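Labels run A, B, C, D and E following the written order; every chain starts at residue 1.
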Amino acid sequence: MSKFSKNQPVGLPPGTLLQPETDEHTEFKITVVNYDSSIHNKSHTTDIDAAIKSVELYNNTWIHIEGINNASIIEKIGAFFDIHPLVMEDMLTPQQRPKIENHRSYLFVVAKTCCYVDESAAVQEEQISMIVGKNYVISVQNSNIDHFSQIWNRLENDLGIVRDKGMDYLMYCLLDIITDNYFVLIDKLNEKIETIEDELILNPKKETLNTIYTLKNEILFIQRPVWPLRDIIYNIKSLKTDIIDESNFIYFNDVSDHVIQVFEAIRSFREMAANMFDLYLSSHSHKMNEVMKFLTVIGTIFIPLTFITGVYGMNFKVMPELGFDWAYPVLWGILIAIGVFMVLFFKRKKWM
Amino acid sequence: MSKFSKNQPVGLPPGTLLQPETDEHTEFKITVVNYDSSIHNKSHTTDIDAAIKSVELYNNTWIHIEGINNASIIEKIGAFFDIHPLVMEDMLTPQQRPKIENHRSYLFVVAKTCCYVDESAAVQEEQISMIVGKNYVISVQNSNIDHFSQIWNRLENDLGIVRDKGMDYLMYCLLDIITDNYFVLIDKLNEKIETIEDELILNPKKETLNTIYTLKNEILFIQRPVWPLRDIIYNIKSLKTDIIDESNFIYFNDVSDHVIQVFEAIRSFREMAANMFDLYLSSHSHKMNEVMKFLTVIGTIFIPLTFITGVYGMNFKVMPELGFDWAYPVLWGILIAIGVFMVLFFKRKKWM
Amino acid sequence: MSKFSKNQPVGLPPGTLLQPETDEHTEFKITVVNYDSSIHNKSHTTDIDAAIKSVELYNNTWIHIEGINNASIIEKIGAFFDIHPLVMEDMLTPQQRPKIENHRSYLFVVAKTCCYVDESAAVQEEQISMIVGKNYVISVQNSNIDHFSQIWNRLENDLGIVRDKGMDYLMYCLLDIITDNYFVLIDKLNEKIETIEDELILNPKKETLNTIYTLKNEILFIQRPVWPLRDIIYNIKSLKTDIIDESNFIYFNDVSDHVIQVFEAIRSFREMAANMFDLYLSSHSHKMNEVMKFLTVIGTIFIPLTFITGVYGMNFKVMPELGFDWAYPVLWGILIAIGVFMVLFFKRKKWM
Amino acid sequence: MSKFSKNQPVGLPPGTLLQPETDEHTEFKITVVNYDSSIHNKSHTTDIDAAIKSVELYNNTWIHIEGINNASIIEKIGAFFDIHPLVMEDMLTPQQRPKIENHRSYLFVVAKTCCYVDESAAVQEEQISMIVGKNYVISVQNSNIDHFSQIWNRLENDLGIVRDKGMDYLMYCLLDIITDNYFVLIDKLNEKIETIEDELILNPKKETLNTIYTLKNEILFIQRPVWPLRDIIYNIKSLKTDIIDESNFIYFNDVSDHVIQVFEAIRSFREMAANMFDLYLSSHSHKMNEVMKFLTVIGTIFIPLTFITGVYGMNFKVMPELGFDWAYPVLWGILIAIGVFMVLFFKRKKWM
Amino acid sequence: MSKFSKNQPVGLPPGTLLQPETDEHTEFKITVVNYDSSIHNKSHTTDIDAAIKSVELYNNTWIHIEGINNASIIEKIGAFFDIHPLVMEDMLTPQQRPKIENHRSYLFVVAKTCCYVDESAAVQEEQISMIVGKNYVISVQNSNIDHFSQIWNRLENDLGIVRDKGMDYLMYCLLDIITDNYFVLIDKLNEKIETIEDELILNPKKETLNTIYTLKNEILFIQRPVWPLRDIIYNIKSLKTDIIDESNFIYFNDVSDHVIQVFEAIRSFREMAANMFDLYLSSHSHKMNEVMKFLTVIGTIFIPLTFITGVYGMNFKVMPELGFDWAYPVLWGILIAIGVFMVLFFKRKKWM
């Protein structure tokens, strides 16, 4: 399905939960972490009811769901946490625009991360949506790519302050990882640009052009989810919610700085890609022109010489020159002299 | 008539209702739906008076009018619902800019939807204007294209919550469909772009250029009504009207998200189309240059050879080489050697 | 005088009224209409004193002045209505930027309208300035072009509501006509663009390029007065004047919608003109390249053939082929074979 | 020194007054005008102390200083009028950005004017800084160019209302002249553009390209000081100063209108220059292509003819055609026929 | 490491202080200046504890740290001055975006300066971060480049007012130097542009293109840290901090003016670089075309002449012209006449 599509049939009642399309290689997986400063419980399950129940037993619960294959999972979550039907619909639709919504008892966040799955492949965009309540976070992603292993590690081994803080801090951690993923991409893009630049200056080839074109589209593709991401973090301060503690705003500011950095890097890349395109075209046309000039110069040198041989190939009865014994070698001399003169002339004009 | 024209003679008094121009294939049709949670009455008619009267008998009435062919229809509506003459004029003029106006007792909305009528045809823009009152919605469209069948279906079969909600929710449903139509277009555009891209990389042809040009103008054409559509939905919150219940703002937010998504997709398309144009030009000029280079190389190989044959075609009395028995085959050898050398030279320079 | 010039010597004291430069074909004309719901008095005069006096006798007076040839006319108006000297200066200077100013007892409006005087001619810009008081409107234009005949007609025959409303409604009517004039222009431009597009696709000529260039400048020229026109109408609401009744804001909104429509159309035209320029360049270069390729192919076919004839034109004593009776027709066969082979080769490569 | 430089060594303490660099052709000159409605005293001096003292004796004093060659002059002014050291530093630095600053007891204004010193020369930018107090204006300019002669004339001969008004009105007069200078430039630029346009359409030359390039840079150069000039005038209203009387705001509005007009003219010029560049390139390439096509056509006509002569220049023993008496004239006929056919063919294809 | 990278592994807990990577040529150095109006104590050390302790003994302390090679240094500072962990992390990360943060008891500022280390080298960006408290400033830079020697000089010799003012004034001094460094760069860029322009107009070479490309990227690179620098200074006024005295705002305004001047210069440079690129391309293509035209003209002159010699090289038995004694010189006459005619023709057409 196209990356621009809304991914839903037109005209359904809002809040309709369609059976999600899943990739057959994607496994349905729920990871539940219940924690506070002293407790840490991590379990993997596919039973959403058990996961939900644990929320009531602990101070902080993070339910992370991958590869939802059944709308009923979201329905159960919706019923238990009293989630608005439109939010439930959005969680099942992978083509949302990044946004944050304040539903009083919870925040709903849609973010996008980008990564290269493997070296050769194209950039992959992934939507991560979160419901952040007072004592729970529910995060949903489509694939099985392991984005959050480091947060799990921090939770398990009580690194940093994540276990001492509430769900708002966990939400910050998730957004931070999502943003940091873009830095990996930006380093990759930077490398690509440098490779292309070297190629451009040393040896521009036809493929270079297609590479730049693909690069331009890739930059365009990455750029789209970044700006709304910044809006999200900007809006957090004006949300008037008690889910996020004011003392944690400084962390979100930090993410915001990074998002702007990503955005500016991407903007620079766009301009650099455009410059490279222009440079390629002019370099190539330059090289082309040099070749044509050289070939034309060769032609131009022989054309007058051939004319002269034509003259003495004529069959007039009276052509005095033809009778002289020294005429032929002299003619050779003249031909060579004209040739040498023209070569020198073209060399001086820098045409050869 | 031009798609930019105001479609009215210059200088008429405002509120003048001109006889609308109608396409002869368009049938005048009124669809009336009277409904609430328990009742559903749908009728097709051409009698506007009956339609208007039913508004007083039911809680919610939706009057949908297609292909108005007579200004008196609007006049009757205007008289009954106390509509401002400028609004009545706007409803008959198909070249309005999308907008929303708060007239206290009713809202007036002008929106535009775009669709492909049939596969091969160009994009068709259609204006849909609505008057939204406390207990009625009057919607007007020019053609007989069936945009709202799914809402009728939902109303008839009590799907979703449309029958439990008021006229503001119906207004949302209409705007939602109008927006969703753009996603269909965007998928089509996306397909076109991919087709052109493949053509561009594999086999750029002259027609490709015209296709890209048409695509650029098509994108330009679709883009125009989208942005004001977003303004409409943005303005709803600041309208200070009691026709729209605050609890339904979330639905309009949802439409707003979609409109922004459409807008951003279109913006990406514009840039991609511009990139394709550039790529075409440079690919084509590249291919062209290769051809010219090849041809010039061929010429350049034979020019010195022809010169040599010219030399030995001369009629000097004393040309010792001509007399040697082995001269002719040796010359052939020299000619071939020069030719081979030049081919190798050009091959090495990558000019062939 | 240049269309960008300020049209006044540098450094004069502000409010200096210079003798206006008038075109000799322009006649000085004052049209006075005194009216209310029951009365309508229209007279043509050149006596400004009489015109001014009538203001005191009637409820509403519209004084329309064309082709002012004497600064004293403005001075008299200024003295009677207590107009600020800078306003008086602006009324005599035809190169003002459109604007609205609130001088408490009157509004001062400068607007620009554009029209084609006759079919072949260039676009003509005309400044129309208005002083709008509680019971009078004074409008000034430079030429004798009849922009407002329809308002006179409406006033005379009591069409619409113009005679029932005050001077603010008359001001709206004037601005409405001024705006509608742009729609006429836009239709003309649209026609031109379509003509050029057809020419571009079917048969691009050298003149097409100059036509597009002229079109681009024309669009640039028309665009300049449109945006400030919108500012005027936007500012009306925040003027805090009692000259414009709030209930009439809806009419100004209507004009505002039209101005935005004009502006967007012009913006689309600009982009379309830029696209056409690009398309022309590439179409032309494409066509050019095809010609050069064809010519070069012809050359390339004959070059090796000519070489062969050169070989058998050589005068070596021993050239066995020359002696065989069948050699000449066989050579013809070879020449034709090579020629045919090359033609086929080039055809297959799509170079011919 | 570069026109972008800050013109001061890096890292000096703020408020350091460096000895100003002066052009040796610039004369140090102070003009003092003391005036009110009844008095007018104008004197030229080089004694700053005398000039300062006169401020206490008269209602209004304007001290205009040209070509300051000694930092002590500014120091004396600073000491007497209690000027902030940063302001004093700015007055000596000719590379300030236009700005207005409210220092309670005085306003500090930096403006830039542009003019052509003589016809052939490049545009010259000049900074004019002013200190506007309740009863004095001190203006400083670098060169001896006579910008304000007309204000002096108005003061001397009591033209307009300048002598009846306060220092704010004088400040307006100075800014008005500064702005009007741009109109002179704009007329010059307009002329240049028209000259280039004519050249472009009738006879594009190589120099035309450099002219357009220079023009583009000139426009860029003029544009820079214009926008901040407008900001100055915009900011005047929000300054909360009692130095400028509210009743004089209308005069500053007038200047503001002119600045915007200048700005829009410059913006149009930029676009026109860009269009001319494009038109030049395509016109030139068009002309070039025509030449190459013509030359190639000539070549293409003779290539097959030369081949034919090559055929009958071969020395085969048996070549029956050579023996026929009528063969030679017939061949001429064939050659001419082929030539004519090709000419006609190329003419019909519009290649000649 | 790439200049766009975040320079930290992804997913670390916020506030993690990584061991900083340092260049081996960079020496770790702390400079401590304790001062007030009467005291001045400057010492160089590598002992952070001593430096910190001195803060308590004096009114004003400036600790300047270069080339931090150990996270513990920052940890100690953080512990003593109660710095937020995120701030500490930012001080160790050299890829921050310029910003200002108000942490009540201190301000945290990140700025970037750019300079050429030596003439030939590329532009070097350096991050300078500052913690500004009531009675201390801690500034951190990565390299050993001596940016602040002039401030040290001013402090030591009590030049200007720096010793009479508080830490906010010192912060201003640092930002002023940082900004002034850009002026040095801008002068260098200006020189480069002028050199390239001369080259462009007199003798465009292939390398010129690469130079312009590099210049464009250099401008892009410098531009990025400038705009946020302005935001910093803009935000200072709205910080609601008592660390900066309102009476010192005028100094920050001064810096702000300079930053805007830098920004505008850079924007002009970008446009000039783009214009130069365009000019290069068209100049080059112009020159190229002239060469090709000349060569083609030479070819075109000889092609018909060679055809004529071909005619009289044919071996028809009956070719009357061949028998006439005067035929050969006459033919030479004809050949020369045709040649001269063509030369004249081409000269007149300005093709040679």
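The definition used in the following text is that contacts are C-beta pairs under 8 Å (C-beta built on N, C-alpha and C of every residue); 3 or more make two chains touch, one makes a residue touch a chain.
Keep in mind that what you see is a predicted model, and the values were worked out from it rather than measured.
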item	value
Copy pair chain B, chain C: interface residue numbering same or different (half cut)	different
Chain D and chain E: spacing of chain centres that average the CA atoms, whole Å	26
Computed distance of Cα centres, chain D from chain A, in Å	43
Residue numbers of chain D (touch at least two other chains)	285, 292, 296, 299, 303, 306, 310, 313-315, 319
Pairwise touch network: line, ring, star, complete, or other	ring
Order in which chains appear around the ring, chain A first, chain E after it	A, E, D, C, B
Sites on chain E touched by chain D in the complex	149-151, 154, 159-162, 176-177, 180-181, 183-184, 186-187, 190-191, 201, 250-251, 253-254, 257-258, 260-261, 264-265, 268, 271-272, 275, 278-279, 282-283, 285-286, 289, 292-293, 296-297, 299-300, 303-304, 306-307, 310-311, 313-319, 349, 351
Complex contact set, residues of chain B against chain C	2-6, 10-16, 84, 86, 95-97, 99, 101, 206, 209-210, 213, 216-217, 220, 224, 277, 280-281, 284-285, 288, 291-292, 295-296, 298-299, 302-303, 305-306, 309-310, 312-315, 319, 321-328, 331, 335
